[in-house]
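What follows is a pair of complexes built around chain A, which joins chain B in one and chain C in the other.
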Partner chain A sequence: MEYQTVRTTCTYCGTGCGVLLEVLDGEVVGTLPQKDHPINEGKLCIKGWSAHEFIYADGRLTKPLVRKGDKLEEASWDEALDFVAKRLLELKKKNGPDSLGCFSSAKCTNEENYLLQKIFRAVIGTNNVDHCARL
Partner chain B sequence: MTNSVPEFEDADCILITGSNTTSSHPLIASRVMKAKEKGAKIIVIDPRKNHIASLADIHVKQNLGSDVAWINGLMHIILKEGWQNQTFIDERTEGFEDLKKAVEAYTPEKAEEISGIPKETLREIAELYAKSEKSSIIYCMGITQHITGTDNVKSLANLAMLTGQIGRPSTGVNPLRGQNNVQGSTDMAAIPNKYPGYQDVTNDEIREKFEKAWGGPLSPKVGLTVVEMINAIEEGKLKGLYILGENPMISDPDSTHVEKALDDVEFLVVQDIFLTETAKKADVVLPGASFAEKDGTYTGTDRRVQKIRKAIDPLGEAKPDWEILCLVGKALGGKGFDFQSPREVFDELAELTPIYHGIDYDRIEKEIIHWPCREKDDPGSPYLHKDGFARGKGLFTPIEYKPPAELPDDEYPYQLTTGRLPFHYHTGTMTRVSPSLTHEINEAYIELHPQDAKALGVKHGERVRVSSRRGAIEVKVLVTSGIKQGVAFIPFHFAEAAANRLTNSAALDPIAKIPEYKVCAIKIEKINGREG
Partner chain C sequence: MDKLRNYVKELLESGEITGFLGLIDDGGHPIPHLFTKEHIDRLNDLVVPDFRYPMTDILLKIVRKYPESTIGVMVRGCDDRALIELAKNQKIMSDLIRPVGVACSKEMAESCRCSQPYPREIHYGEKVEGVQDRSDLEEVESMDLSGRLDYWMGQFSKCIKCYGCRNICSMCFCDQCTLEDETLVMTGQTPPEIPIFHLIRAFHMAGRCIDCGLCEEACPAHIPLRSLYRKVREDMANYLGYVTGKDEYEKDPLEFLGSEGYEVPSKIDET
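Moving on to the complex of A and B:
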């Protein structure tokens, strides 16, 4: 059996408490507070203590899905990415860059937010970029 | 936040408004409790007696949407009594005379009439806040989700500047951000008018810098906000939408309207870890990774940039979201998406973002850094405005009270406000699959004052139909004297009884474009028959 803890940051609220994910044989089995983290100093709230529980929840998506008629069907990454690119570029050509937009995510990382706005600003050519957090 | 989280502990007075701190930010609430142990006075102004309110030295329930009135009232009293910090005003601010004129009309009587807060209590709050050595303000969505949200925030800033309760440790004006990386996503320009680090898209010099870095022409035109994009779909102007890790079907006000837009948009891509209500409407769904399956950084509510670290591989064929976005960028023919790791992405963004410029992965491995951190030898900024404001002098903005967009009437006689629970997160896609959390509560309810429940003839645990001009839902009743009479509260985490079917998205704050989530008019009816 291989056990390790990984120092990371709680994903549930903007307080940003330091947590340790307990990993047993490649599976996350628990969340512990970091004792030496200046914000939470060894404490967590109920959401923090259960921060690992949703990772393996039923309904996690594990394959790209592409709509075929009324249904979303499993597809390969190549197929899904080609379809995304083809349709976005078609719409851009037909209606202009401002006919496209994105909602970025207050749950995703800084790097991911940076990349999505870079795609829309630099590749698509629109500033229609926002996130749902003003909501 | 202007100040960092640990600083709350050493404040002498903490004024909390529109934040259910214990529910939404438990480990910040625990700092507030520590401050109280050390002798700080806690003031809570909130229409609900939430947990933090029950610990407060003073708790008052203001009328919904009356915030500008009571804040102006406090400033009126402070000026009448001479409790303002004149040195701070003279040296650090401008526009004082205009502010003075504007608050002149907000006598304690008038402030009481609009806000429902007794004038004696207003005086007590004004004195405590102004005269304490270090006073700090905490606010959350209860302040921003109004048509006057920007006004409310500016009013709080006026109050802090008037009394010099800003620019020092344990003072300041501190919005608590809801989701884990709201601060970071805003910093990274997931907003329609800025490039990363709050640099204007309309500024030619700045745009040229980004054009050079990203290798192509950029649009000088400010883009659309979420709510404007939804409306643009209805108007046939927006044809394609890419949604990353969000579930606007539940989080947006007036979700009936959002649902229609997502049905109508020609092409919808959703990148998420679950098949959310929103993802079910997509043409393509890309499976992303949870925080345990990737590296990267989050920026906390106090501007603290921290690492998340990969503990396990993504499930199945899912991929880390940063990797998916690089693939999408390349598939679209974009240049500059050949990143091998989030570290490389961070290095690029830090290069272009002055407030992050001094931060890198090696540094945050060892130290806690709050932006602005401009150079490698810059320790960062736990609190802001130490020697001055971003624009030089702090500007007072005179603000007049405006009533909420939708007031109760004969048909819709009650006011509804919405909010979070301690056990769930936003639209519940993550928490509602978590056994420890659903064990606590897994069903929507409506909080009613005992008098209102009596008038409606409903008892605790019975079901009611709640409707507004936009939609209707059915929920269980929870009778509590913790809520103001005439006001009802529904938590917004539950898709099957989404409070946002009722709320008013048509009423937007004109500047921040935040919908008026926190007030709308509703009708409540008892459901008769067997299911009742």
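Moving on to the complex of A and C:
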């Protein structure tokens, strides 16, 4: 018999509400609002209350996929990240920093979005930063 | 605090309980956790903060999976009232629950406007007197009928239909919820169909609501839900002489309306 709650941040939007995932015998069974969280102060919207529901969805992407030829193939994080880093540097060298851009996501935290624009502005050297709502 | 920790430790080590549902300090944040004999050291992080999680609601999730185990649970006055009602509604077996009582501080009792800020048995904290404050109801009652309707329709129209009031409620234990029944409440719109959505919940709280106020704390739209349910609770007491969460063996009058022909006291009038 094991029950614990795990503090995390809701993935549904960038507001960054604090949620507790309820884990009963290793299975995520529910979500609770974190009562002492400075953002949501113990409140959630309907999406937050349902934040655990997609975890066991069949269609959920749980591993990185790398396109090889016409096919997307499962890869390790190391392989996927190495591939992305290598290609970004190659393209920057060949076509200049403004040949690159990034789309961040409303489903990431505010801090994750900050990091993505930071890496594109400061490391890559471009202001081509946009977000998924424009896709 | 050490006394409380040792008490729970004894319950776990003696095998009297299989698990203890309390709050654990997680990086400065108290969160719900089931303490067990296997990880007894974690009791060092057992805490009693000045805010509440829906302990009995969480307890039900564990009891549903382990109906034959004896489980300890940290209870405040409100949680204890919930235990009484849950036992009455056959959701828990009182013999299999060991409530470990915490009395609320004066500050908490006042901020919760709690009429009974202590459980039946106290293992931690000092008992303070309850707060009798119905100023929220008096404010609404001072309005005339059309003013009252406007007031509530205004409040309900803020609803973003998060179902937080239902989700956090210890007394919302039904397998199927009327609020999600599309023949009764139109789906696919925000605010939900008003006032029916909120009135259904208010009526369902009759004979159930133990006046913990967690619904209002969870409402992102700041709807004074508790006042609504307090009124229903007060009506149950005034007209049917029934107070929820008081006596485990007293039957809910709404339970035997019908077959046993409960006679409604004559003092009910149109107001």
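We take it that the second predicted complex is superposed on the first by the 97 of 135 C-alpha atoms of A that agree within 3 Å, B and C clash if a C-alpha of one lies under 4 Å from a C-alpha of the other, contacts with A are read in each partner's own complex, and residues count from 1 in each chain.
Methods note: contacts are C-beta pairs under 8 Å (C-beta built on N, C-alpha and C of every residue); 3 or more make two chains touch, one makes a residue touch a chain.
If you're wondering where the values come from, they're calculated on a predicted model, not measured in any experiment.
Set side by side, chain B and chain C differ in how many residues of chain A they touch, and the one touching more is B. By the touch criterion defined above, A:32 lies against chain C but remains apart from chain B after alignment on the C-alpha atoms of chain A. When both complexes are overlaid on chain A, the residue A:7 reaches chain B and chain C alike.
Looking at the shared chain after the overlay, A:42 reaches chain C, while chain B stays out of its contact range.
After overlaying the two complexes on the shared chain, residue contacts for A:127 are found with chain B alone; chain C is out of touch. By the document's definition of touching, of the two partners only chain B reaches A:62; chain C does not. Overlap of the chain B and chain C interfaces on chain A: residues 7, 40, 43-46, 48-49.
Residues of chain C that touch chain A in their complex: 18-19, 21, 26-27, 29-34, 36, 49, 51-54, 58, 61-62, 65-66, 69, 160-164, 167-168, 217-220. The touching residues of chain A, counted against chain B in their complex, run 6-18, 21, 23, 26-28, 38-40, 43-67, 72, 77, 80-85, 87-89, 91-92, 94-95, 97-135.
Interface residues of chain A facing chain C in the complex, by the touch rule stated above, are 1-5, 7, 20, 22, 24-25, 29-30, 32-36, 40, 42-46, 48-49.
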